[in-house]
Structure formats: structure tokens, C-alpha cells
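Consider the two complexes below, in which chain A is the common component and chain B and chain C are the respective partners.
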Partner chain A sequence: MTTMDVRNAALVDQAPARRSWWKALLADRGAMLALLVLTLIVLAAVFAPLLAPFDPNANSRAVMQPPAWSERGNWQHILGTDGQGRDILSRILYGTRLTLLIALVAIGIGGVIGSGLGLLSSMYPRLDPWVMRLNDMMLSFPAILLGLAMVAVFGPGVWPIILALAVASIPDCARIARSIGIGVMSQEYIEAGRAVGLTDWTIFRKYLLRNSISSIMIFLSLRFGQVILIGAALSFLGLGARPPASELGMMAAQGRDFLLFAPHIVAVPSVAIFIIVLCANVTGDALRDVLDPRLKS
Partner chain B sequence: MIETILNRLLVSIPVLFGVLFLGFALVQLAPGDPAQVQAGPTATPEVVAQIRQEMGLDQPVIVQFGRYIERLAQGDLGRSLISNKTVASELIVAIGPTLELMVASLIWSIPIGIAMGTLAAVWRGSLFDRAIMALSVAGVSLPIFFICLVLIQLLGVKYPIFPFIGRGGPLWTAEGLRHIALPAMSLGLIFIGPVARMTRSSVLEVLRLDHVRTARAKGLTEREVILRHGLRNALIPVVTLIGLQIGYLLGGAVVTETIFSYPGIGRLAVGAILSADFPLAQGTILVLAIGFIVVNLIVDILYARLDPRVQKK
Partner chain C sequence: MAEPLLSVRSLEVRFRLDGRSMRAVDDVSFDLQKGQTLGIVGESGCGKSVTSLSIMRLLPSPPAQVAAGEVLLEGRDLLKLSEREMRKLRGGRIGMIFQEPMTSLNPVYTCGDQIIEGLRVHSGLSGKAARDRAIELLELVRLPSPEKRIDDYPHQLSGGQRQRVMIALALANDPAVLIADEPTTALDVTIQSQILDLMRDLQERTGTAIMLITHDLGVVAETCQQVVVMYAGSVIERGPVDKIFADPQHPYTIGLMAAVPRMDAGRARLASIPGSLPPPWQNIPGCRFASRCPLADNRCQAEMPRLREVTPGHDVACWKAPIEGAG
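Right, the complex of A and B next:
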């Protein structure tokens, strides 16, 4: 078979496959629901200042008011108020914003560095053992340890946590990007590109990156939920976001003292985290199953 | 076998150095001048300079790193700024409880996860399978602190069956067991989901292999096929997964210990960091990191034992 035939065969193979992955995704009702909810949550977070009925930091005398559907609740504060009389719905909207932002920035930084390293090591086999060794070393620091270490040095705050989550994302991401990249580099179009004298940079940009980016993105979406959970846990411990900012993990921690009288102060932000992470996990799983079953292992 | 272990040990050495360097860097990066702290706020610059010389702080960084390792080897991790006890003595007291918590969480969650995953694979596509898979996705999406607080509310306050503060004593005493019940339940719960999922996909893969077909063909019962030929081989990736998830478990342990005021390394670490007790923070992070390396080492060795193919590579 000539190169041309292989290419045509690949194109023929790809055209129906492209249409069918959308169909497969649309047919997965659970995943569509998760995607819809996730989209709504992201929109709500983005437009928090417009949607929030109250100033998230404004205290009121209505302290520890339960949500509207319970006996003593009222519809003014739909999700009730916290220990300082702040409107929980407004704080949830802003808190989701910060929680999502922390995870997104961390995944973004870690994803770019990690996949850059992985793809480079798939392109230059001489680099490979070094990158992999560095990777093994970084794998020895679980995210929570990096978080503790960063906070020990820089003090509690959002940035140390973002830094820790980003660094913790690098090794896994590099490993996946490398294995995807090796697959792409063995394709004949790379050889063809080399033969017509394209520079390494062009090959990297036009072929390697373009052909591996979707798989890398799927992997990152699978990781997203975990990053949110670790970030929220660190903030819950008081190591992340600082008051008066609202962050979902920190909000849950603030409700701990009122667990007996006003369990909703803990429950509402916790359930919010659960819904976000669940939707992210279900969507990521479905995307992977449909688009790239190779990542399944 | 021995070769595998030695190889693996060799790989751990640079990692260990990385960890030690991290610990060292923590001390270096910590705010405040140790010599100034030692000398007190009223000391003259000359006295501070002299103390700096005595402490070796005027030496090049690499020499200081060497000294640091020398001190570590002697078990000298400095003193806690808050309690003024030696860091080593604080750490030794906290290691046991953390290990107990890990064991108490894994000992029930791993068998349950494996059983659930196997049954889900055997009854693939059934309602049970779908329920287990849905539960495990939900399980990995729950924040650990929420699980802890719900269990406290339910089994500690509403139905006061278990205490939820502190540690009652060693694991083999009744009081110790009662106290560790809720933390171990919380921490184990987050582990069942991943184990069940991994077991299911692994068993499904193995059941497709030729030797399973042969076992069926020679007339073994389905039960024998699954237990003797399926599960045994399917557990190898599960062991790897458990190793990979130890970091995740560690994170859970830090949160769980803090919520239950359980006197382990995790709580010690969080407390030290929040109160800017740098020597203690550094010690706890070192112990956690080294513990993580050791567990990974054990998992890798176990893996090589379970899978003869690994040794040949």
C-alpha cells in the first residue's frame, strides 16, 4: 500500500467515525445531563455578580437560617444563611467561581507544562529517559503533600494551592501526552513532513500538537474533578482560600462549628462540590469512552 | 526477584534525595533568620553573626545540605517552636496512629471493593452492575470532609454509637476500635469506588482470555473459573491501582485526622503549618513523603511477585 492509500483509508475511516462520536455522546443520556448541569453551573459561576441576590459578604441578623423548604426557612434566603448571617446562595455562586477558577488555572498550568514535556520527549527520544526520570520523581509527591509543603513555605492562600495542584498535575499529564505523542510520531505523515524538509517546530505545531490535543484534553477533563476535590480539601483545612473570600471547601469548614444546630451550612457547599465533581467525572468518562477508549487503562 | 527489589531500591535513591532536598528547601525558604531567632530580638549584630557562624549558616548551601543530612541521620530534626519538644519525639508518637488508621480503613474497604467489582463484572449489564458503577462514580466525587461530617452527625450525634473525637488507644483494645471506627469508615468509603471500578474492568478483561475459555471448556463451574482463573489474574492491576491511590488516601487521612482530632501525622502537619511551626512542619512533610516512597516500593515489589512477567523485563 502506498502512503496515499493509507491516507485515503484513514480519511474514509475517519469521516463516519466523526459523525458517530457525536451521536454516541448524544445517545448517552446520563452524560448529556451531566454536561448540561455542568454548563449551567459554569454559567452561574461566571455571572455570579448578576445572579447573586445579596452581597456574599454582607452580614445580617438572620443568623443560621435554614433553607427555604425547611420549617423555619423563608424564600428571602433560598439556601438559608450561615453563622454570620450571610446569604448562602450568594456565597455558593461566588464560591463556585473561586473553586472552579483554582482548579482551571491549576489544570491549565499543569496541563501545558506536562503535555509540553510529554510531547517533546515523544519527539526527541534522546530527551525521553530524562523526562521520564524527572516524572518518576515528581510522582513521588502526591498533591496533598505538595499542597502542605507550598503552604508551609508561602503561607495559606489561593496561589500556593494553585501552584501545588499544577505541579501535581504535571507528571500524569506528561506520561499520557508522551504515550499519545509516540503514537502520532510513528505515523507516516510525520515521516512525509520530515521528507519535504519541515522544521521540527512546524512538525510539532502542525502535526504532533494538533493530532494529540484532543486526547490530552480528554485526559485533563478526567482529572478536573480530582483537582477540585483536593483544592477544596486544602481550603477546608484552612490552607487555601482566606476569609472573607468564599470558596466551597472553606464554606463547609466554617459550618463545622454549627453542625449540630445548622447542618445546612456544611451540607450546601459540600453538595455543590459533589454535583460539580460528579458532573465533571461523568462527562469526562463519557468523552473518553466515545472519543478515546485507549485512555481507559 | 532479589534483582527486581534491588533495582527498585536504586530507583528510589534519587527520589529520596529529592524529598530530603525539599525538606531542606523548606527550612531555607521559611521566613525569618534562624540565627536571629536563636539570638533573640535584643542581640547585637556581632552576636548574631557569631551564632550564624556556630550554626554553619555562613557556609555554602551545599555544605549546609550535607550537614542537614548528617543531622537527619542522627534523628535530629530540631525542636518544635510551639511545644519546645524535639520534632523527632512528636513524630514518633504520631506515626503509629496514622498507620493504624490506614490499616483500619483498607482492611475492610479493599475486600468489599474487590467483591463488588467482581460481582459487577460477572453480572455485567445487570441492574446490580449499573448500581455498583453509579455508586462508585458518586463515591469518587464526594468530598472526604463531607463523608466525615455526615458520619459524625449520623453515628456520633443522632445515634451516638461511636465516639468522634481523638483516639481511644491501640487498635487491639475495645476503646481503640470504637474510636477508630468512624475515621476508618470515612477513609475507607472513598477507597471502595476506585477499587470496585478497577476490579470490574480488570476481571472483564481477564474473562475474555483464552485460559478462561479453556477452564470453562474443561468443565469447571463458573464459580471456580472466576475465583481460580479470573480473579487471581485480574487482581494484578488492582494492586497497582492501590499503590497509585496511596497518595489520594494520604490526602484523605490528613483531612480525616484533622476532623476527628485524631493524633496522627496528618493532623500534626496541618497544625504545624497553620501555626507556622516550621521545624515541625518540615518533619511531618518529610515523614509523609518518605512513607509514601516506602509504600510505593512495597507495592512495586508485591506487583513483581504477583506478575512473573515483570521480573523478566
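Right, the complex of A and C next:
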């Protein structure tokens, strides 16, 4: 190794303020566990057709069978069966699939529109009051009410729910993106970029968006958990997926009638929701801790 | 004298805030000749940066508004250009360097990418040609091992190195005018002098005219040929650097000169100018410096002095000028 190599190696060593967040994340045991569980859940949801022991919609005589570990349970239906004798494990796998899909699409649409609006209004102060007042108006509608309205217009189903959740996510995302964007816009490199003669579009893409995207992504990952909860709540109210499709919130709602003699029908999907939301939140929190420079010091 | 390269004529900039309209820059005029360095001096808030940003048309509007005046670059009034034409000039004919090298580069792109972007926009270079030119520029600003540094992110460079990259960025498309807004304020003294040397050297090589904004009189004495002294938004003294330093005529300039710490002054307290800048929304009929001026009388309070020539090429806005034996 020549002296030059040594010097370069030293430079590389101090350089990665970028790589070290991985290390920070790896060092956070709780976050790694949450990430692992979340990954397993996503994989299970994706490969539901391969993993599910039964057809999720097939009825059987064995109704309201408790889970395998309880007295009257058996290992054929590991998590028991619901009021119509459908295998709960299979339904959970398919239900998670639908729930995650709803949440992802909703957060995707809401996140893109919301953060787009927020960043635009941070970039153009003229636009700001208009976007933000519109935003305040949207904030004043609870997601449940939006869901009801969508269902009233389009009828119950997955898409009205996705639409309602997306619309409900827009104002929050816009607020957060705007405040992040204002911070970025006040940096001197924005002015420097303008002084080089870059177009607004380039400034938006390469300066504003690129510098705020990580903070926005963290917010979205936190928001993801909430969206799943609201989605489940809407399904619970009967506004979501239509039977016989399985969705976690709807499964819990269907178990409501048997709460006293077969509590597992409600408990199992509720626990699934709980685990997904918890993991999403812990992961989002950890991401914020390791990525957000403002929280670093 | 020859036709100036950049000429600012009676520029007036107003800020509208909370329904109040205030003058940040009032009747500012100066000329920048080809290949020259012009220093703009004044304390914080005197309108130096607002002047430079309005030349670039980079002031946020609202609240800022250029109320009057013209900015002529090679005879063209920049204030009348369309946004698209102006964009071509920014980073093309006019380059700009900022005060804070630590924050004036985009942290998510490599230095090379940022220079190449500037080249792509103005010179239409791309690919290998742009990269070669970027390396050439980094070599020009004497960044060590440019072919490696070009792929570094800004956070991997020191403040002085980043300022060199900024200069490379500003010079990328051979600008006629380089506006340097306090380019050395955030750097420590040894790096300051290196950067100033570099700018002087580059000026000799490329013939770029430099407009240097600073509050450091030492920097002005070292680098500029012409000086404009600003106070509370207007030009109060203007002239060649040797005249201003040898024989300052405005009481404010005299005070500034006296406030420069000297190596031979021993342990005496530093001189200062009592009082502070009047708030910009205050309407003052007379000289804006009158409240702090030891020589002020009734006329100074009542009537605004205009710039007038005391010796050829040396203009002062003061009723008391010429002041004998000052400085």
C-alpha cells in the first residue's frame, strides 16, 4: 500500500455518512426484529396461494373451531375456523394480502399527490396559501366520513376504500412535505442552483425532491400503519371489501357476532393487524432516527 | 472611459412586508469595466446582497420588487428580459459565488454532476466532453487530484475545497461577469487568502470582471480597483480604491477605515461607529447617516445629499465633503 492509498483509504473511511445509517439500523435490535417480521408478513402475503392450507372461501362443517393449542382444537385448522367453517389461517394469509395492497396503493397515491402538492407550495410561495387552505378543508373531514361518502357514491368495494384512504392521506402528506420543503428551499444551494441557470423543473426534481425524499419516505412509512388501521376500521364498518373476499378488518367484523363463544375469530385478525401496524411503526421510527439529520445530533 | 460591461443605473428595490413597503436599495448606480474588480462594501443589511441578487434577478418576488432603474449587461437591460432569456444568462454570462460554501452545493449530487449540469444547460456539452471539461475546471481552481475529486460528494470536501468547486461552477461557461457575494467570509484566514489569490489569478487568465461584495476592507484593498461604499441602501461613496483608502471623504467611510484593526495599534480599544443602521421602513428626509455622524448639522437632518464628484472619479454623498485631512 502506497501513502496515496493510505490517504485515500482514510478519506473513504470518514466519507460514508451515507453508509453509516445502515450500521445504525443494524445496531437497533428492535427495528431489525420489526423489519424481519414485516418482511416475513409481506412474503407470506405475496405467496398466500402457495402457503394457504385451504381455499380461503371454502365452507366446511367444522364451524367455529378454536385454534390448535386450545382444548378442542386440532392441527388441521391451526388457527381454527370462523362462523362459516372457513380456515382462519388461509383467510388471514389472503386477508393480509388485500389489506397490504389497499394500504400500499392508498399510501402510494396519497403520498405522491400529497407530497407533490406540499413541495410545490413550498417552492412557490404564491401557491402556498391556496394549497394549504384547501388542505385544511380536507383535514377537517375524518377518513371514516370520506369512506362513507365514497361508498355512497361508488358502492362498497376495495377501490372506494383505497380512494378514501388516499384522499385522507393527502392533507397530512402535504403538510409534512411542505414543512420539509420549506426547510430545503431556504438552503443556499437552491439559490446557487438558480444562479447556475437551472429551470424550475430541474430545481424541483434534482434539488428539492431529492433532498426531501428521505424525510418524506419516513413519514409515509409511519403513515402506512395508520392507513392499515383506518382501512381495517372502514372494513369493520362494512364499507370495505365485499364478502366473501377476506380482509383483516372485515374478518374481525364478521367475528363480532361470535365474540362470546368463539373469541378467536375476532382475536386472530386483530392480532395480525396489531403486529403489522406495530412493525410498520417501529420500522418507520427507526428509519427516522437513523436518517433524519435533525434528530441525529 | 470605455463602455462599461455591467452598468447598474439608479436601481431601487422595495420590499413589501405586512402592508409596509420599504426601500432596501435606493438609487444605486455603478459601473463595472471589463477585466476589473469592483468592491461593494458596507455593513450587514446595507443592501449589498440585495443589489447583487437583483442583478441576477434572484430576489423572491413577492416580497421584493425592483421599483426603478436598469441593469445593463453589454448594453442589454437585464430587468426587461424574459425569465427564459435571464436563465440563459445566469451561469452563462454571469456567474455567482455564494457566502456559505458549506451549504451552497447540492448535498445529494457529486461535485462533478453539478458542474456537468451547468455545462449541459449552457454549453450543450454532455458525456465524456462535459466530464473532461469539468475536470479541467477543477484543475483550474487548483483542487488537488481533480479526476478523483470529481466523483466526491460535497460533504467529503472541506470548506475551502467546496468554495473552489463553487468557483469552478461559476466559471464553467466563461462568464463575462462574476458576482462574488462574500466569497471568503465563511472561510478561515489562510484559506481566504488562497481563494482571493485564486480569483485574482483566474481573472488575469480569463479576463472576467468581478463584482466582489464584502464587508472586509482588507479584502477590498487587496483585490479591487474600484470601490462602492453602501450605507442603508444607498451608495455614499464611490471611486478608485487608492483614493478611497488614502483619502476617504464620507464620515461613514472614515469611520469604517478607523475601525479596521491594525497590527501596529498596540492594545488600544478598537474604534467603532456609535449607533446602528436606521430601520429600513423609517422615512428619513435627510442623510441616513446623520444620526450617527459626528459632523451632522441641521441641513444633514433635513436634506438628502446626492452623490457629487469631489475629485475626478471620486464621488461622495455628503454635504460636508470635501473633508480636509481625514482618514
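Just so we're on the same page, the second predicted complex is superposed on the first by the 273 of 297 C-alpha atoms of A that agree within 3 Å, B and C clash if a C-alpha of one lies under 4 Å from a C-alpha of the other, contacts with A are read in each partner's own complex, and residues count from 1 in each chain.
Everything below uses one rule, namely that a residue touches a chain if its C-beta (ideal position, glycine included) is under 8 Å from a C-beta of that chain, and two chains touch if they have at least 3 such contacts.
From a predicted model like this one, the values you see are computed outputs, not experimental measurements.
J.: Following the overlay on chain A, give me a clash-or-fit verdict for chain B and chain C.
T.: Result for chain B and chain C: fit.
J.: Thinking of the overlay built on chain A, is A:187 touched by chain B (first), by chain C (second), by both, or by neither?
T.: Touch status of A:187: second partner only.
J.: By the touch definition at the top of the document, which applies to A:230: first (chain B), second (chain C), both, or neither?
T.: First partner only.
J.: With both complexes superposed on chain A, which partner does A:239 reach: first (chain B), second (chain C), both or neither?
T.: It touches chain B, and chain C stays clear.
J.: Which partner reaches more residues of chain A, chain B or chain C?
T.: Looking at chain B versus chain C, the one contacting more residues of chain A is B.
J.: Of the two partner chains, chain B (first) and chain C (second), which one does A:151 touch, if any: first, second, both, or neither?
T.: It touches chain B, and chain C stays clear.
J.: Of the two partner chains, chain B (first) and chain C (second), which one does A:286 touch, if any: first, second, both, or neither?
T.: In the superposition, A:286 contacts neither chain B nor chain C.
J.: Touching A:79, do we find chain B (first), chain C (second), both, or neither?
T.: So A:79 meets neither chain B nor chain C here.
J.: Would you sort A:197 into first (chain B), second (chain C), both or neither based on which partner it touches?
T.: The answer is second: A:197 touches chain C but not chain B.
J.: Between chain B and chain C, report the minimum C-alpha distance in the superposition, expressed in whole angstrom.
T.: 12
J.: Both chain B and chain C touch chain A; at which residues?
T.: Correct list for chain A: none, the interfaces share no residue.
J.: Across the complex, what residues on chain C touch chain A?
T.: Touching chain A from chain C are residues 56, 58, 60, 62, 87-92, 95-96, 98-100, 103-109, 114, 117-118, 121-122, 148, 152-153, 155-156, 166, 169-170.
J.: Give the list of chain A residues in touch with chain B in this complex.
T.: Touching chain B: residues 133, 136-137, 140-145, 148-149, 151-153, 155-156, 225-226, 229-230, 232-233, 236-239, 249, 252-253, 256, 259-260, 263, 266-267, 270-271, 273-274, 277-278, 281-282, 285, 296-297 of chain A.
J.: Which residues, counting only chain A, touch chain C once they are in their complex?
T.: On the chain A side, the touching residues are 8, 11, 15, 17-18, 125-126, 187-189, 191-199, 202, 206-207, 210-211.
J.: Which residues of chain B touch chain A in their complex?
T.: Its residues touching chain A are 11, 14-15, 18-19, 22, 25-26, 29-30, 137-138, 140-146, 149, 152-153, 157, 201, 237, 246-248, 250-251, 254-255, 258-259, 269-270, 272-274, 276, 278, 281-282, 284-285, 288-289, 292-293, 296.
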